[in-house]
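Structure first, commentary second.
Letters are used for the chains, namely A, B, C, D, E and F, taken in the order the chains are written, and counting of residues starts over at 1 for each.
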Amino acid sequence: MADGTQAIEPAWEADEIRALFDAKTGWLDRRVHSDAALYQLELERVFARGWNFMCHESQLKNAGDYFINYIGEDQVICVRDEEGQINVLLNTCRHRGNALCRAEQGRAKSFVCSYHGWNYGLDGRLIGVPGQSTYYRGDIDKSRLGLVTAAKVESYLGFYFATMSADAPPLYDFLGDVGRTGLGMVCANGEVEVVDGIQKNIIDCNWKIAVDNLFDWYHVMYSHASAGTAGIFDPAAVTQPKSQMVMLGDYGQAIGGPGLSKELQDKIDLMSDEERIEFARSGQVPTLRIRPRAATELMGQEGVRSMGHPNLFPNLWITLGGQQLCLRLPRGPRHTELWWFTIVPKDMPAPYRQAVMRMATHLFGPAGLLEQDDGENWSQSTRAASGFSSRKLGAALLMGLGHDEVQVGENGQTSIEGYVGEHGQRWFYRSWSEWVAARDWAELEATRSAPPTGVV
Amino acid sequence: MDGETRTRLQAAQLSLAERALLQFEVEQFLYDEAALLDAREYRAWLALVTDDIHYWMPIRRTVTLSDIGMEFTKPGDMAYFDDDRAMLEMRVKKLEAGSAWSEDPPSRSRHFVSNVRIQETAGAEITVEVAFHLYRTRLNSEVSSWVGRRVDTLRRVEGGFRLARRHIFLDQTVIHTTNMSTLF
Amino acid sequence: MDGETRTRLQAAQLSLAERALLQFEVEQFLYDEAALLDAREYRAWLALVTDDIHYWMPIRRTVTLSDIGMEFTKPGDMAYFDDDRAMLEMRVKKLEAGSAWSEDPPSRSRHFVSNVRIQETAGAEITVEVAFHLYRTRLNSEVSSWVGRRVDTLRRVEGGFRLARRHIFLDQTVIHTTNMSTLF
Amino acid sequence: MADGTQAIEPAWEADEIRALFDAKTGWLDRRVHSDAALYQLELERVFARGWNFMCHESQLKNAGDYFINYIGEDQVICVRDEEGQINVLLNTCRHRGNALCRAEQGRAKSFVCSYHGWNYGLDGRLIGVPGQSTYYRGDIDKSRLGLVTAAKVESYLGFYFATMSADAPPLYDFLGDVGRTGLGMVCANGEVEVVDGIQKNIIDCNWKIAVDNLFDWYHVMYSHASAGTAGIFDPAAVTQPKSQMVMLGDYGQAIGGPGLSKELQDKIDLMSDEERIEFARSGQVPTLRIRPRAATELMGQEGVRSMGHPNLFPNLWITLGGQQLCLRLPRGPRHTELWWFTIVPKDMPAPYRQAVMRMATHLFGPAGLLEQDDGENWSQSTRAASGFSSRKLGAALLMGLGHDEVQVGENGQTSIEGYVGEHGQRWFYRSWSEWVAARDWAELEATRSAPPTGVV
Amino acid sequence: MDGETRTRLQAAQLSLAERALLQFEVEQFLYDEAALLDAREYRAWLALVTDDIHYWMPIRRTVTLSDIGMEFTKPGDMAYFDDDRAMLEMRVKKLEAGSAWSEDPPSRSRHFVSNVRIQETAGAEITVEVAFHLYRTRLNSEVSSWVGRRVDTLRRVEGGFRLARRHIFLDQTVIHTTNMSTLF
Amino acid sequence: MADGTQAIEPAWEADEIRALFDAKTGWLDRRVHSDAALYQLELERVFARGWNFMCHESQLKNAGDYFINYIGEDQVICVRDEEGQINVLLNTCRHRGNALCRAEQGRAKSFVCSYHGWNYGLDGRLIGVPGQSTYYRGDIDKSRLGLVTAAKVESYLGFYFATMSADAPPLYDFLGDVGRTGLGMVCANGEVEVVDGIQKNIIDCNWKIAVDNLFDWYHVMYSHASAGTAGIFDPAAVTQPKSQMVMLGDYGQAIGGPGLSKELQDKIDLMSDEERIEFARSGQVPTLRIRPRAATELMGQEGVRSMGHPNLFPNLWITLGGQQLCLRLPRGPRHTELWWFTIVPKDMPAPYRQAVMRMATHLFGPAGLLEQDDGENWSQSTRAASGFSSRKLGAALLMGLGHDEVQVGENGQTSIEGYVGEHGQRWFYRSWSEWVAARDWAELEATRSAPPTGVV
């Protein structure tokens, strides 16, 4: 298609990058959603540097089970080896670069390159080179030619993440309380497994527009009006003017969305399992299942009240009360690939499981009654970030700015409670601009903002 | 229709001429039904669907031959569509809501139903396989093509057929479109 | 063919077998005619066209549902094609001129005529709707696909049919090709 | 498609830009038709800065009628408001950038954004913000968040134009005598209206190749030979060696093509309406209808003789004796979107109207007997502007250079009369290079050439 | 089917009804055969091919009208496919080898067989022309469409047909895909 | 398709370019296969500067026969004129740039431009300009406006080559002994002609990956295992550990692949024609036909033993024992157009010809049993040259480095004999980096490496 908006991009200085989002006013430079040079920096400074979601342990049950994922646009193989360890290997042969795996998932004994037959173990070690003694005359140091592995691979609650940077902090610290609360939400009803079948589709929007949308409970009422009319959900129920609860954490971690009041939570905590289920069915809370008391351990006394959307910075959305994950993979400044993982407690009774599946299938994904309309808004917003006149306008993240206050719970968890607002989006872009401006982890640690306190 | 199926149909005592007439009827039904979707006559289309319809599109994956058994997700696993009649009615209600933004301006679709092969007739039910190409264009430049195999079950009723099952096996794995807001 | 049309055809006293044979004849005519265009046999194609043909492709626009009435331009307004026989002959003359640069080297077209649905038979005239896909490739890399609905009127003459009307309803709005130098 | 010719483009200095066209020799640098950096400058300095054709008043009869158009690649909404005024609004929501309209035309009461429901009046004012008092706590200044409007919107003879630059001269002055003569041609037979249905297609050529072609009566004989053979028009009649008449105006305005001799015009001026019609039918003049005497007021004593092609700089071609407009919208350096407007006098008798429609449908547009062949030449010429060796060659706009003289009519209108030549093309590229070299309106006014006088 | 061919078929004493039934049989054979390829049942497909098959796809070139005679290469010149049965068996063997990397992960194809026109029946042999569209998608994003005209010869055998000749006239000149590892 | 890997490319300094390949270690920077700025330099410094294969004389039998080919991405017309000379003309009209030919081949009396009808002779001279005396008033110097011709067009053994650089050495010298040996292989069985029908397809790989693969006899065993299983050829026969023979020449010329031993060659030289044919049939040598003694004149005493793959730098592969040529045309950094020419001795008996045709049709080309699998490896390797993490890895051209010695034959021809290795690839990339680093021919001649001697 004709498309002349691939502008000639300038190189970016660190202070220019920081100026892209003005935390004082809430204005965001629209070029963050279209600029090709910024995008290249993101691949380096957000994706290769950060912790990227890879898979859940249940996806790789046996030795040799593998699942292809990405760190930015670099393909990696997530594979369980004979020792049961999950490895993350760059999917490119050390000989000439050919891909080892071209499938999306499967089971392998080892990875043999289809070009010249180099053979790599499930841990990435180069274990076979045809002609090693003849053609190579024995002169090849296999120990230096294994597949490149992620600098670190760590997991929390069975969810695996990887980073290409050896300087990255431990995953546990990177997630921080807010990120851990997010993953806790997924496991709040017991041990989980990923349902077979990951929906994947590509939307013509910048990946960050998809991400910031998950904090955006403002759009639900209008964007998803038709899904409401159709009867699949009730937009009003989740956007009560004063039911929101936002939690902001280090490194850009955040959770936003409806929350239960402390009073209600106290009441729930006193219920028996049966009572809780009955209460959830009554429709008084916007969730499928109410969390058992044990969830407090995973989510904290404040976090457990959240019925909202965690985002694990940069690009993993936890939704449907923890029953779906949506990974947003960058595909150039104007395209994003969305992957939907559906997750259920292992021992979920069949009727519940069916109810979850029904929501998972019908709300999100390209044919989902909600998602259909989101894509349209996102792609048009991305388009406006490129026009000569329209890209000069900012994006107005003004909602609630200066009107709320960060509250600190007894357990130290902080939250912003009250109206639907744009606190989550502001924190996301503020953190993002710091990630992209910093040349390395040391600079990022030295320059990044701590989560806001006081009036926000 | 492989040899086995043909034998089934022949065993069903259908002469060549009878099979040809059945083919004609089935094709016309499938074309009519497709035309309703392309004309955005969703209510009229719903009227051609049985109460117990299963409308399903599993997820396809790029896999190696050694893993070919996992090419499609199974019933009960995740799918792009896994609809009963109530869910199809919800989809239609959404389209009629006046606020289905992805379909307003409405997209323009064309359902190509090709290579129609009656696979089995069992009582009132006829199972038919087709190669489909769903072409859709939206706004001024968006173009999508969804291609694959469809297995439909038609049930004969007074004055025609009703669609009792539609299983859609897409050839694509990653979906290269912003949405699938169209019915197949 | 919606229920109403079917009733019309049934009222026309055609048995299922008669309708199937008519379908066969009509399809073969449409395929033959398409093949002539694809074989660049423009003169032979013209011979299949009546003197009073109306060959028309209105302009389609992306509009909201509330403005759906203006999706297509109306007869008498602007159109991409609005040809009588004289104009079609001019087009053929141009193609034969030896200086129709956009068609020399000639493009390579393929007319897919699908989902053929006879809508009405009235006297000698038969109205038929099809889903069409006109694929065209030119030079070494240019590829175009025009897709849409076509409503044709065939008139029965001694030994076959003639094309008396062709109304082409394209699915595309903005035309994403350098030209439309091909007949539909 | 494989395409390696997206060269790494240098930044351009003003003197380099001016050197792209050598007015002394007529040689044009082919890179003007392919360079991506020049293209970005054009979006800024030609399109956003200049006056762009938007629509004719007849397209927007009632309040709420809207029509989408472009300023460069920025989408704008042209809409008539309740006061009857026609506004030009940038089609991007001030909140997050989403498009307000995704249709090509229609009728609206107001423009509601499908993302969060912000509602804008037909004049662009922000009139509704969901959650203004709740979510926003009243803290949002709607008066600062209306849709961006074009800096100026002005009309002449019912034709509306817009510019993004507040420094632009008034439309009347920008058009100058030559531009006004061009629009006068459209209205020479009385008040006009746009026929429903605008043909739109995308050609893989640089927009300027499409523009310069309209001055190019040299190509008619050869390019359109087959249309001549088919009998739809007579190429020879319009390219008589000595019947041409070119008018050049400020800011790059120009008209080129056949003209009537003063003698013939004098004769026509004495005819009755019936005689004029009869004379036109006789085929002695290359036009559908001869202009009534009153046209002199609109076109001037000299201009009225023109049977040629005005171009309103940069990209609006007036053709078919004023009965069609063709707008050439830039879509990257190598693609152009063509929009064909058909215009008829309101009181045109049906048979005439049908004749006009027949020509309009069958000459131009993607299926038109003329246009089919033009696209081929344009796209191949654009392609040659990219090849490593072929882009080093210039385009040779040599025809008639130094052989003609600008004549000044009694009323001060100037024209170059005589042979088919390339005067129009040279003036277009000379003006274009000055537009692109100048940083702002002040610099453009200080540096642009006046229309040539004397020997050209 | 041009006028001449139709005459040939009519001279062959086939009534309209007989021709319609033959059409049905031929179409079903072609659809079945296409479905086998799309289902990667290459061995079963080979069983439908005669021992003396000629499976041929000449090279098409972009040429001017004055050189139109050289648009396709001739038999004996270079071609994309010029296979006898032994060569087709080699292709199938390769696909079954477990090391045909370009087809493992296997591509996903869909053969659209359209505009079926029986051109001639001579003894046991039937010559049939179709417009084909072979859609193929590979891995997660590669999409190819091969489009053109196919002239097949079917030979009637006990219980059905066998494919005795397949001449494939592609509409494309330069092939815009990494490979053609699929059968047409 | 979504694709964010079009990185912002830096400009390249000469020493950076030379560092892209490290001849000492054999490591190649993967960016040579993806970088857009390097690609632009290649178009200038490899293709426009070097000698490009155009056609064989048998393709243009009669005056007016023409064949379109490319120098880089610039289209050229190869045409035989009335004097029987073969000319190479840039396919772009000197007036406005339009293409003269849009067909791939054909016969023409002259080349008339479809835009304005300028007419060029078969030698490129401008022989007709419509309106020369009228519109142009005779003021046009046709002698300066002929089609641009290649700076030099020369042939060897009937194979025509062209360069855009007047400073290029004569073709004979450019080919050198190694290149001439390569073309000699094609003609070893007598005078040849090109069979009608050139297979053309586009692969999404960098052109150099396709080129270096022809020296790569390492991949045969694994990549083409399934073709072996199918029975169309025997991979083992051509990759005997110690049967290889590599010849490296000036300017990057090289031949690599299996070779006969001197002993065997001596035996063959004593055979009668019938004995040779019988011997070939016996399958003891990996070739269709064994060369007659006369081939020694064309290929030299050592060269005649080669059963391998010559590459005429940069992009003409000679294969199938000289019976096919494959031209690799660059189409951007990530796409390559492959053209397969099939060549047979004019007097080849029908059964042999059929056997050649069978191999030519079924081994190579997009449907070929070998080629199918190559494309997959090449495109995946090209892809890996773009990823943020994967492009940082080198390509490991380590095989045999430092283990072999260049041998000098009695006639001075040099060869590296023994194991399958990566000598050819290293020489290709080393030469390539020197070509691209050098600003002009003088600098290239001053800086390029001589073919290695001694230990390699």
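Please note the rule applied: a residue touches a chain if its C-beta (ideal position, glycine included) is under 8 Å from a C-beta of that chain, and two chains touch if they have at least 3 such contacts.
All values derive from a computational prediction rather than experimental measurement.
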Least hop count linking chain E to chain F through chains in contact: 1
By label, the chains that touch chain C as well as chain E are B, F
Chain pair repeating E-F, as identified from B-D, C-F or A-B when over half of the contact pairs by residue number coincide: A-B
C-alpha-based rotation, chain B on chain E, 0 to 180 degrees, nearest 5: 120
Please work out the Cα centroid separation of chain B and chain C, and write it as a whole number of Å. 26
For the pair chain A and chain F, the C-alpha centroid-to-centroid distance in angstrom is 48
Two or more partner chains touched - positions in chain B: 17, 20, 62-64, 98, 101, 105, 112, 114, 133, 139-141, 173-174, 176
Show the residues in chain D shared as contacts by 2 or more other chains, in ascending order. 1-2, 102-104, 114, 200, 202, 204, 222-223, 337, 373, 376-377
Which chains touch? The pairs are A-B, A-D, A-E, A-F, B-C, B-D, B-E, C-D, C-E, C-F, D-F, E-F
Once bound in the complex, which stretches of chain C touch chain B? 1-2, 16-17, 19-20, 23, 60, 62-65, 68, 112, 114-117, 129, 131, 133, 145, 147-149, 171-174, 176
Residue numbers on chain A that touch chain E, as the complex places them: 102-104, 114, 200
For a test of understanding, state which residues of chain E touch chain B in their complex under the given definition. 17, 20-21, 24-25, 28, 31-32, 34-36, 38, 44, 98, 104-106, 108-114, 133, 135, 137-141, 143, 160
Given the complex with chain F, which residues does chain A contribute to the contact? 9, 11, 36-37, 39-40, 43-44, 47-48, 71-75, 90-99, 102, 113-117, 130-131, 134-137, 139-140, 145, 148, 164, 202, 204, 330-337
Where on chain E does chain F make contact in their complex? 57-59, 61-64, 66-67, 70, 73-74, 76-83, 87, 90-91, 93-95, 97-103, 141, 173-181
